[in-house]
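Chain naming follows the written order as A, B, C and D, and within any one chain the residues start at number 1.
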Amino acid sequence: MIFASDNWAGASDAVMAALTRHNSGMAPAYGGDPLTESISNRFSEIFEREVAVFFLTTGTAANALALSAYAKPGGTIFCHDEAHVLVDECNAPEFFTGGMKLVAVHGPHGKFSPASLKAALDNLPEGVVHHGQPAAVTIAQATEAGTVYSLEEIHAIKEVAQTRGLPLHMDGARFANALVHLDVAPAEMTWRAGVDVLSFGATKNGCWCAEAVVFFNPEDAKDFAYLRKRGGQLLSKSRFAAAQFEGYFEGGNWLDLARHANAMAARLADGIHASRNGRIAWAPQANEVFPIFSHEKFAQLKSAGVVMHEWPSKTLSANETLARMVTSFRTSEDEVEAFLALL
Amino acid sequence: MIFASDNWAGASDAVMAALTRHNSGMAPAYGGDPLTESISNRFSEIFEREVAVFFLTTGTAANALALSAYAKPGGTIFCHDEAHVLVDECNAPEFFTGGMKLVAVHGPHGKFSPASLKAALDNLPEGVVHHGQPAAVTIAQATEAGTVYSLEEIHAIKEVAQTRGLPLHMDGARFANALVHLDVAPAEMTWRAGVDVLSFGATKNGCWCAEAVVFFNPEDAKDFAYLRKRGGQLLSKSRFAAAQFEGYFEGGNWLDLARHANAMAARLADGIHASRNGRIAWAPQANEVFPIFSHEKFAQLKSAGVVMHEWPSKTLSANETLARMVTSFRTSEDEVEAFLALL
Amino acid sequence: MIFASDNWAGASDAVMAALTRHNSGMAPAYGGDPLTESISNRFSEIFEREVAVFFLTTGTAANALALSAYAKPGGTIFCHDEAHVLVDECNAPEFFTGGMKLVAVHGPHGKFSPASLKAALDNLPEGVVHHGQPAAVTIAQATEAGTVYSLEEIHAIKEVAQTRGLPLHMDGARFANALVHLDVAPAEMTWRAGVDVLSFGATKNGCWCAEAVVFFNPEDAKDFAYLRKRGGQLLSKSRFAAAQFEGYFEGGNWLDLARHANAMAARLADGIHASRNGRIAWAPQANEVFPIFSHEKFAQLKSAGVVMHEWPSKTLSANETLARMVTSFRTSEDEVEAFLALL
Amino acid sequence: MIFASDNWAGASDAVMAALTRHNSGMAPAYGGDPLTESISNRFSEIFEREVAVFFLTTGTAANALALSAYAKPGGTIFCHDEAHVLVDECNAPEFFTGGMKLVAVHGPHGKFSPASLKAALDNLPEGVVHHGQPAAVTIAQATEAGTVYSLEEIHAIKEVAQTRGLPLHMDGARFANALVHLDVAPAEMTWRAGVDVLSFGATKNGCWCAEAVVFFNPEDAKDFAYLRKRGGQLLSKSRFAAAQFEGYFEGGNWLDLARHANAMAARLADGIHASRNGRIAWAPQANEVFPIFSHEKFAQLKSAGVVMHEWPSKTLSANETLARMVTSFRTSEDEVEAFLALL
């Protein structure tokens, strides 16, 4: 019963099949191959707009390099206080941007409000060289708390960002999970809502190692080929990433995988709630569930073989544990039911 | 007839089989999985010494991060003037090391001599803060010219480096090709000859995306886990790299693949020499051949479908072209014979 | 009536005299001159210990370069949430340290407690590569709020830092003001209390442009000559800085200047308190006073020619303004009395 | 008899007088003072154009930060192979530009030709991501060899730079010495000849610590206030730099000082030539003379108290030494004659 992370799964069948299918023969290196070109075009179709897309190998690199395209001296990036870019990337964003600062904007359940962003921006008035200057705003979709910004919320955040001329970056490590939750087109959740650049994650949802940075204003990408190469992220065998994306996209595979993961999370949450042996800290909207158990129950579940993480929390009563349970395309109904039976 | 680059091939059968074999089931992320551990131990066996090994996704990242482990303020890295780190990595070494300088040491056929290294080091006398300080020496094995340093040459270079207390880095993008040429044990060609840190390349010789940094003095690696993560190179699905290495190593597959590629290069060189329609600029020792053709012959071969690169040269007569032809594990004898027939 | 900043004053008479005195003749450049050597030795005398001292031109450079001597990949520096290094240096510490993160530790009146530091450190458990690693702790003495850490408080902070092997940096932009407040020897307030490296500020208290980084463990300084030169901070005419320090130190001039500035601040605070037309937010311990005025009174003072800054505050009632008033060696008693009369 | 460096002199009388004159009273910090504003305007007058000017404290910082305003990922800066930025700044340009590469362009007597620059640029064809991209061209005026580019030569270099859209930076550490040699207006030697940004050095020619970066296209300077502050180069007591420039410029003082230094160099060269006890390697055009002595003569002069540097050379006969002798505004005719008498 493994609910540790969606990173614990391997690749989906469609992705492995595509990798196998494209393994034979010779193809130009470093992205000059026809498959890379065709999959890049596929991104433009999916987003209903000419986009500039760059494949990379990790989500950390995607976020850090995407943000580096908007780097300014003394620049500040605004993010949620639980954002992956802030707490889980070992300063990669600071490093790749030449030392920009990440400022945490607070808010419940992984999301910050436009008003909180505005307040944070007001601490950096225009032209005060000592304080530096705002450079970008970033949100995760789905968030690190398994919640999802609504289209209206994204719009409203972008409006605040725009008052200072700031680009909006979306960390889409769990992009598909958010997308199927909102049940909207990719374009709606991104550029039509004000997103300028997206870290499009595919690894967690069924690839081995396939991430992309997608620029919705191709002119923003003018130096990105150099940033990627200098960042050690230009794949020599680029068709290896392209093939994964081919398998990922074909027949809507990516959306099916995400729907399955989200459904498993919803089932988990419902079952936990119904069991009365735990409660749900906040409603899951993607593939992460945050239940609260008594210390005793948590320990019992762990020793019975449930793999899940304890999560930091400041608001629990003394004898409670907040847990994080993550589902993936590989999570089976049997596994969920076995867990609920155990509970 | 593709002799453009060994990066044009996909993955070997053994590597694809291993990837498929390890795709099922769940495994801890970020290198906590048993396969990553077991393959890491395999590196220690192969090198007959406890090594600290880190998987990464590109050769550029491997080189840049390996060198960054020895970064000094105002530091200089000494390399050959045709070195990949100098001319083909878009300043990644400069970037990842916080702005170190790469100084070119000249020498024929991709190799520099210990005496040339000493002369270059003498330009940076100890303690002159204006000039900065020497930080590392790096050699490629096999070199960018398809040649291979002998064990004695590596020893002698290390001796010079050691007079200034400098670590010796080896760019092993084509490590296997050099190894089978010398027909020695991996330990002989590395730490027993004075190498401190190795970029162990597997992508070119039969993987999709599998590189490793190998520290022979594990204490040198004390911060490398942070350097790798900050560099955007920590794979979430680490078993994906480990599986490739498993397939690469099993049954000596990697050595067989390299032997085949080298043999194809030797056959090419012999055939070109025998044809009298071209000559060999210098003898190939790995899987790269540098023939010289008349402009007319070169153009004729290209238009007949031979894919190969023109290579810069300062010493040719006016009507000659230097070409680079690279073989790989995928190069077939038929392809070589077809080329020679065409020639 | 100028209480804007101690940076508004020029150089003290003793400093100008020393500059003039040492202007004639020729002297070796880049710190090879006898005056630089003799003043460096003077630092060792003042601190009662062999120290490694480096002159620089700005406090921002001193802080950023001092911290860079302890840089680690993915490293975090812990500082107060109002620290100059965090909010007033345009990301210089992040830039010079290769992208380290500054984490704010909260506390009233410009100081954080050992317990708060410990809590912040606990968020970075040992060996979690995603979160990075702690690298240094920094405190300002005097603080940005015009308060001063007691020797016991510094000791206690160092004890917490030491549990994680972290160096303690002191931003001494107003070092002399703190020192005369505590009325202790420089050694007491620094290395005997656990400080490893000090930004020794002299500009605010009577120099034109003279800052120093002082390492109490000279081995920590092994690369600092390179860090300083690479940082654009090696003065060609080094005696220019040395001469300023000579004037600054001679006859205890620096302590007299600081005592005067502190006394003026105390007189200001007493007078404001007695006037009942304002109150003091917290007691001044150095040369900064933070009074609270009604909006009306504040506006009235400004329009009458008082130069002072409005200061951010989250705890004031709606019709109040927090002001910052800074005194310097140049502040005259007449000026203070004129202000109090106006009030 | 000190001919070691122009950095061995202190400040000129006019500069010391201006410092003293502006020491009294209070003035806004960080460049908000009227003197800084008025001297900034003076730069625009001197250059006959609205310029954006920023004061800094060292020539290394001026060069590194000026170049950083044009930084590109994977960028290359083209400079002479003896350029100060390349060999004497401890990688400051690499550091401040986020890891750009400096590529040496060869040429006799400290100058490179437009043709050599073109050949170097051709090694970086447009759009080859592996090689990176050209970012800037920099020349020193006067050069490190004491020679001066003619206006025509600067024009021609700019023309080549412009074919790739590159800015031209001038390292004017000895700007005044070059200017009086050419006997042209500052505008002629800079923007009218194609210079985009200038490191205007005043320290060597009579200041204590006063350098400036001058942008001739103010839009290029849009982020420079942040670059300077982040680089630790924003002076709190900015009038200290402004006052030096006031004294430096008043009554053409700077030109007189430079004319004197150049004349002393010319006298030295003539005297050495006439003595037949040495020869001049190339004709001095500014304030540096490069004589060639026999080993014996060189040793004899040194032991008689002449302070001068031995200079690296690859073309001397075995029993000769190349020396560098630098004159300054402080070099007296008596000192020169004493040296010639000794010779």
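One rule holds for everything that comes next: a residue touches a chain if its C-beta (ideal position, glycine included) is under 8 Å from a C-beta of that chain, and two chains touch if they have at least 3 such contacts.
Everything quoted here is computed from the prediction, not taken from an experiment.
Any chain touching subunit C that also touches subunit D appears here: A, B. With centres defined by CA atoms alone, the chain at the far end from subunit D is A.
With centres defined as mean CA coordinates, subunit C is found 50 Å away from subunit B.
Per-chain CA centroids place subunit A at a distance of 41 Å from subunit C. Subunit A and subunit D, compared by their mean Cα positions, are separated by 50 Å. Residue positions 30, 73-74, 89-91, 95-96, 98-99, 129-130, 132, 226, 229-230, 234 of subunit D each touch two or more of the other chains. Against subunit C, the residues of subunit B that register as touching in their complex are 30, 72-74, 98-99, 129-130, 132-133, 223, 225-227, 229-230, 234.
On subunit D, the positions that touch subunit C within their shared complex are 2, 4-5, 7-11, 16, 19-20, 22-30, 56-62, 64-65, 89-92, 95-96, 203-204, 208-209, 226, 229-237, 239-240, 330.
Subunit B contributes residues 73-76, 87-91, 94-102, 123, 129-132, 312 to its touches with subunit D in the complex.
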